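Right, I'll just put the structure down here and ask away after.
Naming follows writing order (A, B, C and D), and every chain is counted from residue 1.
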Amino acid sequence: MINKKVKNVQEALKGVKDNMTLMLGGFGLCGIPENAILELVNLNVKDVTCISNNAGVDDFGLGLLLQNKQIKKMISSYVGENDEFERQMLSGELEVELTPQGTLAEKCRAAQAGFPAFYTPAGYGTEVAEGKETREFVGKMYVLEPAFKADFAFVKAWKGDAAGNLVFKGTSRNFNPNMCGAAKITVVEVEELVEVGALDPNHIHIPGIFVQRIFQGTNYEKRIEQRTVRQKK
Amino acid sequence: MALDKNGIAKRIAQEVQDGFYVNLGIGIPTLVANYVREDIEVEFQSENGVLGMGPFPFDGEEDADIINAGKQTITTMPGASFFDSATSFAMIRGKHVDLTILGAMEVAENGDIANWKIPDKMVKGMGGAMDLVASAENIIVAMMHSNKRGESKILKQCSLPLTGVGCVTKVVTNLAFLEVKNNAFHLLERAPGVSVEEIQKATEGTLVVHGDIPEMMI
Amino acid sequence: MINKKVKNVQEALKGVKDNMTLMLGGFGLCGIPENAILELVNLNVKDVTCISNNAGVDDFGLGLLLQNKQIKKMISSYVGENDEFERQMLSGELEVELTPQGTLAEKCRAAQAGFPAFYTPAGYGTEVAEGKETREFVGKMYVLEPAFKADFAFVKAWKGDAAGNLVFKGTSRNFNPNMCGAAKITVVEVEELVEVGALDPNHIHIPGIFVQRIFQGTNYEKRIEQRTVRQKK
Amino acid sequence: MALDKNGIAKRIAQEVQDGFYVNLGIGIPTLVANYVREDIEVEFQSENGVLGMGPFPFDGEEDADIINAGKQTITTMPGASFFDSATSFAMIRGKHVDLTILGAMEVAENGDIANWKIPDKMVKGMGGAMDLVASAENIIVAMMHSNKRGESKILKQCSLPLTGVGCVTKVVTNLAFLEVKNNAFHLLERAPGVSVEEIQKATEGTLVVHGDIPEMMI
């Protein structure tokens, strides 16, 4: 067993610097690496490029880095819940690259799996395809999209062990597994760090080989964006 | 009388067939789930990573880790599964989802759709919409026939940035059920009490009216 | 829940015809769809193309179809355990397309996920790349490989439910999940068909959407090719 | 004295470093696992879908569903995981495996390797070898220096169909430890009791001998 465990978030984020490209898991506020984001605020690294499906809300998630003006560029599929984001984007302070969600996921998977680029039909004929190579296969048009290149991936898992094996819960899985191994260094925070051997080898979502550092996360808020319920009759 | 949002959802629900996997977009499409016949088997996929969505949770039973693509708390049905985003779009891109229902700002008679951006005004992003429309073979658009200023959204050509090209096959609006083919909107049904003339007037794109147009049965 | 359950192997293989292209899961004899293979022998369909990592052994697995001269063409990565295979290949009776194992897996995944083709470095500069498009990305050469097109995929899972949700065990997983949804019709046999709701939604390897038919398999032999053991001291 | 297979495996085992994920090919490479230092952390990956392989099972404890790429029954270590073939090659193609050890029929001074086919004679297939050699940055080849007819397998140019081009970095044979760079085999170590002259004689490719060549420490 190759030990990936680090003491805490400070140790986990060693080496993060200005101008780096960072991947962050999560969909909306679901499954975001809360501990890593707070530490990025503490470190106050500047001019980072963030690859993340969404940009958080004004006072949580990646919104905290936006408030702190740490982000130079966002690569996302949907950024619609964040006023500060809109302000920075419209004023030109923030560079934004909007990417179809499936393309975003596959650009992560391609980086993880060693594919330099892939052809997807998403975005063909739209401004997303502008300046990109397009090509026909069997009567349908596709756009060539390159794999992401990133320095760090910050991932949130439900359970994990010191070997870096991960298990995710519900829809907090989302982009997290796809980002593992998609950056030079993958840093995982878990709600529960379990003993090596406690996870069923058949049910490990991400084998430890895709992970460089893992730590026990703390104080998860797990904020709900759209609490929607029905009443018991 | 023109349909309200629930009326549009009801009509679309009739298009959902037994054995369909369905992806519902945010807004009116989400309402469709409420009106699907109970004697057929349907599973709802949400692109954030769940298949087999159920109703919203009871108050107090919501789980921050179980949401839909609209970020709403949800429940799951027996037989549900969770998966990562790449797998979710494998379902979509691989044409395993049978029906996609989504909203639009504009639809054109060649099947183009625009629903993600108003330049210099609203730039929220396309989310999964571009993947969905580029791959789905069966797309129903749920939308209002005209905007708040009374201008038609059923157009000869989209004016807004496109989400996808030549992909829309059916449109259900507050006024009509339209099929998109051969570069025209073919009027299939009228909303209850709405005349062909009203629909014609509200439609900027080419409208084909063939024979007697029945009223929707809702 | 959309019900994929069929009564038996006969119902599961309805529609299989001569000249079709069939995918079959398994690595060696591990995780092969034993029931489907026996039924293919019963049906005596001819001139089929089989996509499978291996070709079985002389008297088990795909070897049975070879003995019966049902296979026109094999697409595999390794076929070295089968004398009848070698005989048919060298005599020209059998067409063989040898494909690197990772390429074979990804050609399945591409079919499953709607990618028309992909670039892989495997086989560049070798006879595998002959006649294929090659291309450089960031100083490295890649070969363009098309997705598979198949009529039926025959998959063996450990557990499954009527919704088509699957769980695999150990290394009998191998190509099986990648072939689900990679053919027009995916037929799954399981060692144990469980109640819908019995599988943890977090631990389903293949969601039912990728499966068209599922049935309770019978009489699994699960032959071991290379029984290798050590003695207790 | 020239090394036997276990000797080759022992020397290669010294190249396995702490924290390495290692893929072992069939044959001599499989033996390497027996000689890795016990005070370092190493995990073995097998391309059929397992990470964290352990020793062979005790008699009677073998499981048909748990095998390695050589189809041998195996066990797993704590922290092991199983996965599908596409994920397995994601590990390999994505350069997550640190070291690949495999056999060869021929190696050339430009790093080309041939190990999968003898035309009209042996056509078993390449298995995962082409993926491994195309992606791994750290490849050690375990092989005999010459074939049974005494002909060198350490060549100027491969004569057999290639498995990969310009990919081999190190070769350990029964006679020598060679580094492949700048279109030549650089002699790093001699097998115990084997002279530089013997190695030179058995090597058809360009052999660079720089200074005193130490004996392997085995």
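In this text, a contact is a pair of C-beta atoms (placed from the backbone, for glycine too) under 8 Å apart; a residue touches a chain by one contact, two chains touch by 3 or more.
All values derive from a computational prediction rather than experimental measurement.
A count of C-beta contacts for the chain pairs A-D and A-B puts A-B on top. Rounded to whole angstrom units, the spacing between the C-alpha centres of chain A and chain D is 36.
Per-chain Cα centroids separate chain A from chain C by 33 Å. Chain C and chain D have Cα centroids lying 28 Å from one another. Residues of chain C in contact with at least two other chains: 109, 114-115, 120-121, 168-170, 173, 201-202. Residue positions 82-83, 86, 89, 92-93, 135 of chain B each touch two or more of the other chains.
Going by the touch rule set out above, the chain pairs that meet are A-B, A-C, A-D, B-C, C-D.
By the touch criterion stated above, chain A contacts chain D in their complex at residues 1-3, 109, 111-115, 161-163, 165, 181, 196-197, 201-202, 204, 207-210. Those residues of chain D that touch chain C in the shared complex are 46-50, 55-74, 82-86, 88-89, 92-93, 112, 120, 123-131, 134-135, 161-166.
By the touch criterion stated above, chain C contacts chain A in their complex at residues 114-121, 137-138, 140, 142, 146, 167-170, 173, 201-203. Against chain B, in their complex, chain A makes its touches with residues 27-31, 53, 76-81, 86, 89-90, 96, 98, 100-106, 108-109, 120-128, 158, 168-178, 205, 222-232. Contacts from chain D toward chain A in the complex involve residues 19-21, 41-43, 45, 51-52, 76-83, 86-87, 89-97, 135.
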